[in-house]
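When the chains are written out, they are named A, B, C, D and E in that same order, and each has its own residue count from 1.
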């Protein structure tokens, strides 16, 4: 496959920590508008893969291209984010001393240079967008609350909201439904499906009902490389996947 | 003790080998020692020296020790030693008891540096044949230094009689020095050059350079120049080693100063501005212990440093525990405020010590086993520094074991990493916190004991180490004990390496610039902790 | 646009601060120059200069609070920028002495004469012009801060590591300026100034003028700082303080944000130093001493970190306390001051202004700015 | 107006200089106390106003201003470091106050409002070097100092002086260290090296304050004996020695204008009073204390002569006032506001005292403008009317240094 | 038996718990459920002692432990698996497990075999720093660490969060095993309803800081509980 048409192109990516290989010759491609679910055992390297894409960790080897041309391994975090890659962390990370509203305002798509922010005044559109996101995440009543005082699940929602506000081309979503009720899980799945199409999404989850609800192609990672790929049903039937991941 | 012994020996020699007649000849000379001020004493001393009679040795030694007095009543020169309220007087030549005197009734015969020099030279020449090998050896060294041509004859006789190979070598060196200074035949000079080249120290170098510059013949000049080159080469090698030692020694002082901070700041995260004051308290404890021993057990004064170690650890540690329980414990999770509070404490502690002990320096004297120096090849190593190096490493090793290998160490690390969770695991965090801060403070107190040996014991003592300590801990990597070790040694060595080229001031500036640049390359210090564990 | 920027920062607290400063600007000249000396309302020139000094420190504290309180950069070397600004002004003042020095050399300052300097070193050129010196007051600290920050932020030096290298920076400058060979008067520094802009530096009018300049500089800086804080830029800065890496993943180039605040802060500190020197009459390397920078940190902490007004309040109160205690309790004042610091940390965790915030938070309009209990903000900070 | 006359005491009681200056505050309190027992001055009691400038130089200026304007003191006794003096100087000149400065310093200054009761370089450094040259036959010199103005200037003067005496460049080694320098290993070794080149070598130390203790400890440990390489110090007195074990330092030298060991009745009295006042039998006395003793007595005498504490009158009547010093002679205030003093060279004894080994036969008048610096050799100072000038140029015949 | 009696809890001025009462029996699993932010974790913190209550009392084993510090409660056999893992990041996996020794007398200090049987990955990573582990591995470590203390009351806050399905099953089996040993009370906060239902002996359901429903599994049917979990 040629890298040009892809949105994200990983080839032969390896990362090791003190000799331990977290990613092992990992290759993966994403097409524009695609949504992909990634599953795999704890420690398979899913989060590390996101770290590598977003510039948090530098790979030891391998190619990572965005939109077929931009070499992500050469860029720093902010540069990568500005290309249109947004991320939700596995452990919810929000700006605790800021209000929910300010968290969203900071994430909102807008010019990012210091002078831009110095002279920024929130406009009607931006306001509307934030209101919309507050509705989606059901955080409207808590808009003036400091993010630090939210419960675990509320922070999860806030971080999803921030990701939406960023309006990135590629969303990397690490375990979005951890700590959510079943109903919220379904809602999140719907939300992501709505986003897909216009945007590309990579979702990591261990919740199989959620993955099923997404109904997209699934990649199974194990020990730092791809173990299987295909529909959820096909990978669930894979004996290796059952052995290392699903269990009996 | 040793001096008394030597005096006794010399006295025996004097009695055994000289006739009473000779002693009688000396008496008028001795009698003139007390008159004419420094110049008069000097003149009399020179005459004694020329007389060359070992019977004069006790007199001269008494003069050197400041025990030679003039009795005001009759101008008699006597040896006076404190006895009860007054002084016991003896005859300097015969040692016979003369009587007693009140301190007002006798006048000390004063000596100055010039006299001290003459005394050493004279004693050197007079004691070359002493039966005590140590005396002979130091006599030979004294002659080497004084290059006194008068001593040449005695020296020759002494060399002929000397059985101890090593002492004879020193005597030959002394002879070479005398010859080179006074001038001699070419053959003798050549031998002298060879002897001195073998000695190979700075003094030899000075003499050799003198010949190289102004030797009688070209052959001598070339020989001397060759010798100079050889000696310089050797000295350079030893100089480099010496510098390394200085670096190690400065490094271990930094290590000692910093290691307590590596606990309170590095492990606990308290920006402990009062760390220096814990060091200071340790130093004052040393002072108190020494003072106490001096008053109550003078015989043990030499051990005061050893006794001060546990005392300082407990006192500083105790103060640390009190500080932790009363102030620090309210500030966990707010490290910045520990800066403010400990700064306040540091001001108050300094002032408290100033009020208690006065603003001036306190004297802590070095025990005999920490005084002076010894030679190791071409290295001069002072005992004080040596013990500090040893001590610093011992403290480091002990702390390392305590933190890494004991349950207490594990609790400390767990508590400092996640206090609420450690508590929920059943660790009594309050006690661990207090003990940890106490441990760090106690170690600072130990540093104070060591620093009392090389620095001021004053209220400002701590202030002069606090910045260096923070630099070391941060340079090495906060939270990493090995980093503190390597950081201290590296900064110490770098400083000592730069000092000869750049001078002390510029050297220090360069070290600071080095730290700034180094941190750019390793933003989390020398032994940075890496990985998720720290970023989280 | 500019007005909108300034207005943005104007909340109730800012109004109060500016009102107080305006009052000072009116009352102080009147009370010193107009009210006759015998009157209880008369303010001595001594007090004016003292007040002026406190306000210079307040400006330094404000500058420090901008980077520490809002960006989380704990500078333990901010006094370096203050001192550099002070030296720039001191050099101008030295040149104004002209032939009135003890050796009567019209060009060389006295200390150069007695150390046998033959001509003015190149870096002293231009300082006989006020405009040049005034520019240098901003440029020297600014450029140093920019260069230092550029490297340090790019290398991602943070936390204590950053703090300690700022301390190393000021310590190195201290040692360097101590050296007589540097050409800044060594330990004796620059002193015995005669005039500024042609006015006798000791004349009451000049002193009041200097005081007014200080008030103006502080007011302006306060407005700039609170304008920044209230803008979205300010929110980004606070976010950086809290979780810098997260801000990066949102696409903000945090290095340039930090560099902006850092350099601006250094310039403010430089201005503070420049105003300080003519009012106290001396600048010497001890201003570079690490302890000076730490003290500035303490002022901010006492007043309340992350509250611009608190920084000002803390600086003025602590220094007033120091002036007062060193006279009234010369042998006990360290206990008083040290005790004060401990008590403030224990009982006013958010500083003096935290008290104010607590009181107003009860009022309905309190929007609950700042961290819930100071915990989250500080944990990552420094 | 009031029934007391206030006297300001401006010495650091905290910070780095407290170690030296606190004693001077105490001695001033004692002197004032004694004067009050004698009935005060002009029939009024003296009242000491103590402030703490905390080793902070701008604070010195602020406190000086406070003393003069708020407390309205008649005279101030204070300062130790030159920088503190430089810092307060404009204040005293502006407010026309009186400062008595008790510490040896680098000279090159003469203010109408300051009385310099410590030694000028010619009253300490030059005689010390003379002594070493003539008595110890020193040919090679290490000038070691703390890196600041007093050592720098003193060494500059000494360098010129030594070269004038034919000492070659390579026989002079100058070394500066930072304040509070504590690791002297390499420098002491260097001195040893420099001193083993075959020529008699001495160290002239202008090392100041805290750095001295570690310096001397290192000297002792590395076995540098006074008979081999003597060290003569200008900033080490009895007070500093009290913090060091002096046994290894026997014979090292100091040059001062006073030693506690000076055997005169007046000194014995002074020491007795001091110990009684401080209720401490171990307290030592030192040179700057004597300087305050002289300065204070001069001030009292001048005030009584003038009949007022008004500055102008006192300044005028100060010149020529002569009071006993503690070494058995009289010190007089010269027109240049410096005083005449004897110069003593002492050797360190085991008991932490100095033994005088040399004393100038007469009194040496303090020379404010050094004859050994090119730009100051033509300057003199004379505060008597009508000249009334601190920097009169004898070449140009004008007041105001070299210029116009 | 754990007995929580009308407990109130505040964060500053905000009240997170209002008169909450619940019990947990030895030998039973008590499942605590509710939507995000209703106060489940807050209740657990109150039980552990990490957050002082502003009203009410907590009894364990018949004794009032309301005023005891967490460490003292741990010594009485209460162990905690917190939400968000809270492992000690710079301690190795082994050292993390060893912290569980704190409440144990010297003689009883060992790591029970069941820890490694349940979570073999821990055995293979003993020398790695806890903070470097993946999220799921950390969660396993947190449970393992709690088991080292040989608790008699095990409090778990969303233990399946971020854990791969096969291990979730293992954890489920482990919890039933521990319950079936009959000497341990287990309080389980869980959003994963199917998992909770399989384990629950008793339900406690919360909403907005209050307990709205409580009872044994037999007494309540799934839909009763579920209605409080929908949006």
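As a working rule, a residue touches a chain if its C-beta (ideal position, glycine included) is under 8 Å from a C-beta of that chain, and two chains touch if they have at least 3 such contacts.
In this text, all values refer to a predicted model and were calculated from it rather than measured experimentally.
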Remark   = Between A-C and C-D, more contacting C-beta pairs sit at C-D
Middle chain, criterion being Cα centroid separation = C
Note = Looking at Cα centroids only, farthest away from subunit B lies chain A
Task = Please work out the Cα centroid separation of subunit B and subunit E, and write it as a whole number of Å.
result = 62
Ask   = How many Å are there between the centre of subunit A and the centre of subunit E, using C-alpha atoms for each centre?
value = 29
Request  = Starting from the mean Cα coordinates of subunit D and subunit E, work out the distance between those two points in Å.
outcome  = 75
Subunit C: positions in contact with at least two other chains = 175, 178-179, 245, 331, 334, 372
Query = Which subunit E residues sit where two or more other chains touch them?
reply = 11, 132
Task = Give the residues of subunit D that touch two or more other chains, as numbers and ranges in rising order.
result = 13-14, 147, 176, 178
Key: Of subunit D, residues touching subunit B in the complex   = 13-16, 18-19, 22-23, 135-136, 147, 175-178, 180-183, 185-187, 189-190, 192-193, 196-198, 210, 213-214, 217-218, 220-223, 225-228, 230, 239-240, 242-245, 247-248, 251, 253, 347, 355, 357
Interface residues, subunit B side, partner subunit E - complex = 407, 410-411, 413-414, 417-418, 420-430, 479, 529, 531-534, 536
Query = Residues of subunit B touching subunit C in their complex?
reply = 271, 273, 327, 330-331, 333-341, 343-352, 355, 463, 467, 470-471, 474-475, 478, 505-506, 508-509, 512-513, 515-516, 519-521, 523-525, 535
Ask   = Where on subunit A is subunit E touching in the complex?
value = 17, 20, 39-44, 46-47, 90-91, 138, 149-154, 156-157, 175, 178-184, 187, 206-208, 244-248
Remark   = The residues of subunit E that touch subunit A in their complex are 11, 14, 35-37, 41, 83-84, 121, 128, 132-137, 139-140, 158, 161-170, 191-193, 229-231
